[in-house]
Every structure is written in structure tokens, then in C-alpha cells.
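Lettered A, B, C and D in written order, each chain numbered from 1.
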Amino acid sequence: MTGSAAARERRSAPVPPGLPDELFARGAVPMTKREVRALTMAIAELRPAHRVLDIGAGTGSLTVEAALLCPKGAVTALERDGDALQLVAENVMGFGLTNVDVVEGVAPADFAGFEPHSFDRVLVGGSGGDLEDILDRLPGLLAPGGRVVCNTACLETTAAVAAALRCAPWEGFTCSQISVARGVPAGRLLRFEALNPVWLTSARLEDA
Amino acid sequence: MTGSAAARERRSAPVPPGLPDELFARGAVPMTKREVRALTMAIAELRPAHRVLDIGAGTGSLTVEAALLCPKGAVTALERDGDALQLVAENVMGFGLTNVDVVEGVAPADFAGFEPHSFDRVLVGGSGGDLEDILDRLPGLLAPGGRVVCNTACLETTAAVAAALRCAPWEGFTCSQISVARGVPAGRLLRFEALNPVWLTSARLEDA
Amino acid sequence: MTGSAAARERRSAPVPPGLPDELFARGAVPMTKREVRALTMAIAELRPAHRVLDIGAGTGSLTVEAALLCPKGAVTALERDGDALQLVAENVMGFGLTNVDVVEGVAPADFAGFEPHSFDRVLVGGSGGDLEDILDRLPGLLAPGGRVVCNTACLETTAAVAAALRCAPWEGFTCSQISVARGVPAGRLLRFEALNPVWLTSARLEDA
Amino acid sequence: MTGSAAARERRSAPVPPGLPDELFARGAVPMTKREVRALTMAIAELRPAHRVLDIGAGTGSLTVEAALLCPKGAVTALERDGDALQLVAENVMGFGLTNVDVVEGVAPADFAGFEPHSFDRVLVGGSGGDLEDILDRLPGLLAPGGRVVCNTACLETTAAVAAALRCAPWEGFTCSQISVARGVPAGRLLRFEALNPVWLTSARLEDA
């Protein structure tokens, strides 16, 4: 099934996120794995009308999952890398999505182009050096009660996120490490290939 | 937010599965954790009109997640234990679900009460002794192209499931081990509490 | 430090096992990782005069660790593959070990060449198809109170080992899954590369 | 087998570390698990004549393992808690060890009582708030080429250790996360209980 066939089947329908990896074009850009996408969406607690910002969109796999879950809302995919931007556009088109805005830019510098408090959810991936600055600026972007979910693969970025999201104006902090090992048939046996561990950290902006 | 408030908000809306654990009544019955529920739904690839059978429903947490994702379909929760049946009913009511059928019974003995090929998806939890018999009988319950997802916590049941689902009439076998460690604040530090690992195994029944 | 420098330093000294991976020649043969070697030796509870059989010796990394811990004993490395046999010999020589016997052969067929009850410890690696036969024959090779430790990477072999070692004449069954993620510096950050999970299963032969 | 029987058997013999947990008295003090002790000793690369400092000795389980591996050397166990000090003494006596010095004190304040550069190895456990100060002071305690191994269970302490040990005067930095799940028989099945993940971080002090 190609991306656009998948799109036809899924458009406007409740879809459990965590789509199979092979439905996405990914080129040489590292992609958030199926299991991590499913959990990111769960922890984000998306609703149909949500406006979502995906910072460091990469291949756009989280953008696509969020856009499918928010048919009455919209997703803004922010990404600095040209090759990645191409992939985001390709994946958005492949799934027939019309509620995604792909923006070339850098966080947090280009936050200035967004309306204050205009997002219900923010997803933060990647491990760019400006993570702490990004988190500092998020309360200005999120609507009251809005929620952020960060995916991190490094110790220091996870510690920085965990420190930032345990203080006011954040509430309801959670952080989980996810380790997945996928079974790979080896003749009649099944061996396991471990994916690298990922941390998912989230919090909710306190209501005004 | 209570179960019924959650229900009002969520009814008829696309909801990412993996609801917070505390939204469910659970008593003394072990409950499938949020992360595992999210991944189970992802791997089940549910669609709105699907008819789902949840074998060994336990607290009904997977039943609830599936019923929310299949508003035009229905979920049958099969469970033998009286206390668990009560919890399933309580959780189904708490979420205001009207598309769930709770059935007291034992698998596979009580499969006789179901129409042949009447389910699009089957979820198998628990580790009752009859897992191999259950899997043997599933092709008779599933519609062509239907899909089974098994959650197992034991080595032997996982091996039995993995063996069964790699043979015809099954296709598209997958098996992943999921290990989650949840961050627990300890003063200004964050330590991690490991949940016990779980295996998710799935396959699709070949088309007729 | 080369293997032989390491050997000079370590010969006849108590050495904690779990030597760095880079001290071993390994060619294209998969090698038991440092962490797993350390735990294998711990669970084997080796003593200086023990006679050890290493079945499926591979690169000989477990053979070398055991031989260093048993200076008054001896290790027999059984291996069928010619390239691996070369590596075992190279590693044994590199560490200056004189208490290792390298035997070309297949388990359990070539057990016939060993004296009954002549080993205090047996280490079983690899996942050859004859694992159940090997375990069936071990009580004939081990001295009373002797101990076996199996390293397995597949679901089915682990289940087979776990089933075999929980029955008489075996006692003191243990089984642990070990998952290691190694930190890899990425600039000022530390990301983690997961090694594939391994199961270590052990039991003790009951005293006569 | 009691601690002192174990002691008689093991004294002055090469012993693989990673002794069974049940050989230690532990009271209510959290104890480093067998698997983590084995790996700590491996990474510490202890030699028979080493002088070892165990900071935050807890039950003394690492102290005992190190003392068994360093029969020509000595171990200093530094611990602030009175109950824990009792346990260290009990375990040291139970294993018949005569090369252990138990010191009541706090790190790094009480480092002043130690000779400069008098330790070949330092083991750091626990997650007291002074970890960064402790690491700052270690180059003054360690002999050139000496090695430190830190066991941490928290994100922040691990990040602090990892940052400190990647800079001069430290070399040969390693950091591994260890996740162990122990098999627990449940009738004829084997389920797995996860231990909380632990990070082992190490480095070597550059030679003068």
C-alpha cells in the first residue's frame, strides 16, 4: 500500500497512530520509529481541533500522525534542513493531508513568526543545542492548558528537558524511557534487534 | 477528570489511544499499562467500523481503547473472571460506550457462541494455558485479512504465539519486546522505575 | 595494550572477568560482549581448580575468561567452525594461556570423546539446532553439583533452555535477560546505542 | 551457605565477582544487585594489590567484592549512615575479610583524612547531592592512571558524572546503561521482573 492509498483509506477516519514505518518516505533522514510515534501521540493527548507545532519535523512522520488525528485542526512542521523539508512535503502529500503547514526555519529564532498562544500541542524532536531556549519560549506559544511532548535520545537533552518541565508554569510532568527490541526471524528461531532507547517527556502548561 | 467526563469529551472523536492509566477503574486486576495499550492499538491497525474481540479482557482497558477507535464497529469483551467482568462493565460505562458487548466465558471453549469469520481484529491478553488452542481456532473467527495482536509477559507463551503466527494461514508476522522505565521524581532528581517487559506479537490472516 | 601484554599482566592473578572487547581478536565471528562475559562468569561461580567445557566457543572470549579464572583447572573449548577455531587458538595464545584445550567438534555428537562427569562447569553459547539434545546429555558430562550457564539470543532457544533446566536433575534455576545500551559521545552530548538483549540461564546438577 | 562459609571457600582464591545477592546481609539498606556488582568490578579492572575507595558503601556489597579481588591490596569503605556502617562491618566479617577499613564519614568533606593519590580505584555509588564536588576532588585521591567507576540510578547524576568524566584529566570514558529482567517461574511459565535501570560510568585518570 503506497502513502496515497493509505491516505485515501485513512482520511477523516479515527486512526490509531503508530503507522508502519514503511508507509513513510524517509531518505537519509533519521525517522521516529513506529513505537515511539504511537507513544508520542498518546502522551500528547491530541484532540480533533488541535493546532500542533512539530519542532524539528525531520521526515515529518510525527507531523503526519498528528495531522491525521487533528482533521479539524492543523499542524505546523518547523524544520531547518532542506532535504528534510522535502521529505516532510512528500509525506504530507502522500497521505493526502491538507491541514499541514511546512515552515522552513530554526527554533527558537523563528518562533517570532507565530502568533502568541496559538498552539494546543508542541512536539519537540531532535537534539539541537537550543533545547533549553526552545523550552523557555514555549509558554509564549502554547495556549493555556496546552501540552508539550519531547522526544530525546541523549542524556543531557533529556536531563535539560526534565529539569525545565518540572518547574512552573509546567504541571503534570511525565518522563518515560522506551526500549524496543524487534523480533527478527532467523530460520525457525526469533532473535531480537534492539532499537536505541528514547525518552518521552511531557508536561502541561498551567491554565491562566 | 472522571471516566465519564473523559467519555463525554472523547465520544465520537478521533482519540489517540494510550489513555492515562488513572482514567480506568482497576481494582485488584492487573491492567495493561498505557504504553502497551497505545502500541497494541497501533499494531492492531483498527478502523472505525471494525468488529473486535478482546480475549481475556481483564479490566477492559484494551476493550475501551478499541471501542473508542471503532465508533461504527463493536467490541466483544470475553472474560472468565467475575471480578474482572465487573470492572469491564464499570469501565465501559464510565466511558459512556454503547458499542461493547461483555461476555462471560472461556476461550476457546466459548468461541462456539460467535459467528464464524465475524471479527476484523482479535486481541489476546493474559497467559492462560490454552493459548495454542486459542490461536488454532482464530482463523475460524477472523474475517479474511483480519489481524490478531497478542500481549504476552511470559517466555513460553511468547514462543508459542511466535511459532503459531509465523505459519500459514498467517502473514505479516511482527513481534516486539517493549521495556518501559518511568521517571519518578526524587527531590530534584529523576530516578527510573522499570515496568516488566511485554511482548506484542501480531499477524494478519491471509485473504481467502 | 595487545593481547599478549594483557596476558603478561594478568597471568596467575585474580582478574575480574569482563575484559574489554578490544583485547580479543574476533575477525568476522560474533563475540560475546564484555558485559555478558562478566555476568556469565559471575553466574558460573568458577573456582580456581574447575574444569570447564565451553560449547560453541566462537572467538574463545568466554574460554579465555574462564581459563584466567581457573589457573589450577582447565578449559576445553569445543567448536565446529574452522575460522572460529583459529580465533580461539589466537586468543588463547594472545593471553599466554596454557590451560586450554581447543577441540574441533560438534555438540552433542562429540561428547563421546569426553570422560563422564569430568567437568565442573559447562558454558553453552550459540543457538545451534541441537540445544535440547545438548542439555539432555549434560548430566552425563558434569560432576555432581556442577553448573551450566547458557547464553541465548533467541526466544525459542531460551524457552527450551528454561524448560530443560527447571526439571530434575537440575536445581537452583535462574534466568535473566540483560539489555545494555552503551553511551556514545556525540559532541558534548551522549546518545545510547542498544546492544541486542541476551538471556543468561543457569542451573546446578543435583548432588549424587 | 552462610556468609562465613562462603568466606572460607573464597578467601585468597580468584573469585568471579557478582556473588549471589543472598550471601549478603542487607537489612533495609538498598543493595547493589549481583549483575551490577559483576559489571562494576569488570569495569573497575581491579588487580590484586589495588587500594580501593568505596564511596557510599551502603551494605558493603561492592566493598566485599573488591576486597575479595584485591587480597594483596585494601579497600576503604566510606559511609555516613550508621545502620549501613553496621551492615558493612557485618558483611566484611561474614566473608572473613581482613583487608577492609570501614570509615564513618561524608564525601567529599572527609577526603581530607586520606593521603593524596593513595587509591588505585574509586567506586562511587549513591546519589548524594555532592556528586560533582566528589568528582572534582577525585584526581587528588587517585594515583596516576587510576580509575573511577560510578553507579547512578538518576538522570541528573548520570549526566553530571558523564560531563565530568569526559574532560581532562580523565581519559577512556565509558558509560553503559544496564537493564536486567529476572525470570520468575509462574507454574510452568517464566515471567520477567524488571530491575530498575542503572548507569555505570567510568574513566581513567591520565598518567602524570
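The working rule: a residue touches a chain if its C-beta (ideal position, glycine included) is under 8 Å from a C-beta of that chain, and two chains touch if they have at least 3 such contacts.
Bear in mind the structure is a predicted one, so any value in this text is a computation, not a measurement.
Novice: Test of understanding: which option in B-D, A-C or C-D shares over half of the contact pairs of A-B, residue numbers taken as the match?
Specialist: Looking at which residue pairs coincide with A-B, the repeat is C-D.
Novice: In terms of CA centroid distance, which chain is the most far removed from chain A?
Specialist: The most remote chain is C.
Novice: Need the CA-centroid distance for the pair chain C / chain D, whole Å please.
Specialist: 25
Novice: So the centre of each chain is just the mean of its C-alpha atoms; given that, what is the distance between chain B and chain D in Å?
Specialist: About 43 Å, centre to centre.
Novice: Can you check how far apart chain B and chain C are, centre to centre, with Cα atoms defining each centre and the answer in Å?
Specialist: 40
Novice: Find every residue in chain A that makes contact with two or more other chains and list them.
Specialist: 155-156, 159, 162, 175, 177, 179, 181, 183, 190, 192, 197
Novice: Applying the document's contact rule, which stretches of chain C touch chain A when the two form their complex?
Specialist: Those in contact with chain A are residues 127, 153-157, 179, 181, 183, 186, 188-197.
Novice: Can you list the residues on chain B that touch chain C in the complex?
Specialist: Result: residues 155-156, 158-159, 162-163, 175, 177, 179, 197 of chain B touch chain C.
Novice: Chain A touches which residues of chain B in the complex?
Specialist: Within the complex, chain B touches chain A at residues 9, 13-19, 34-35, 37-39, 41-48, 68-71, 159, 162, 166, 173-183, 185, 190, 192, 201.
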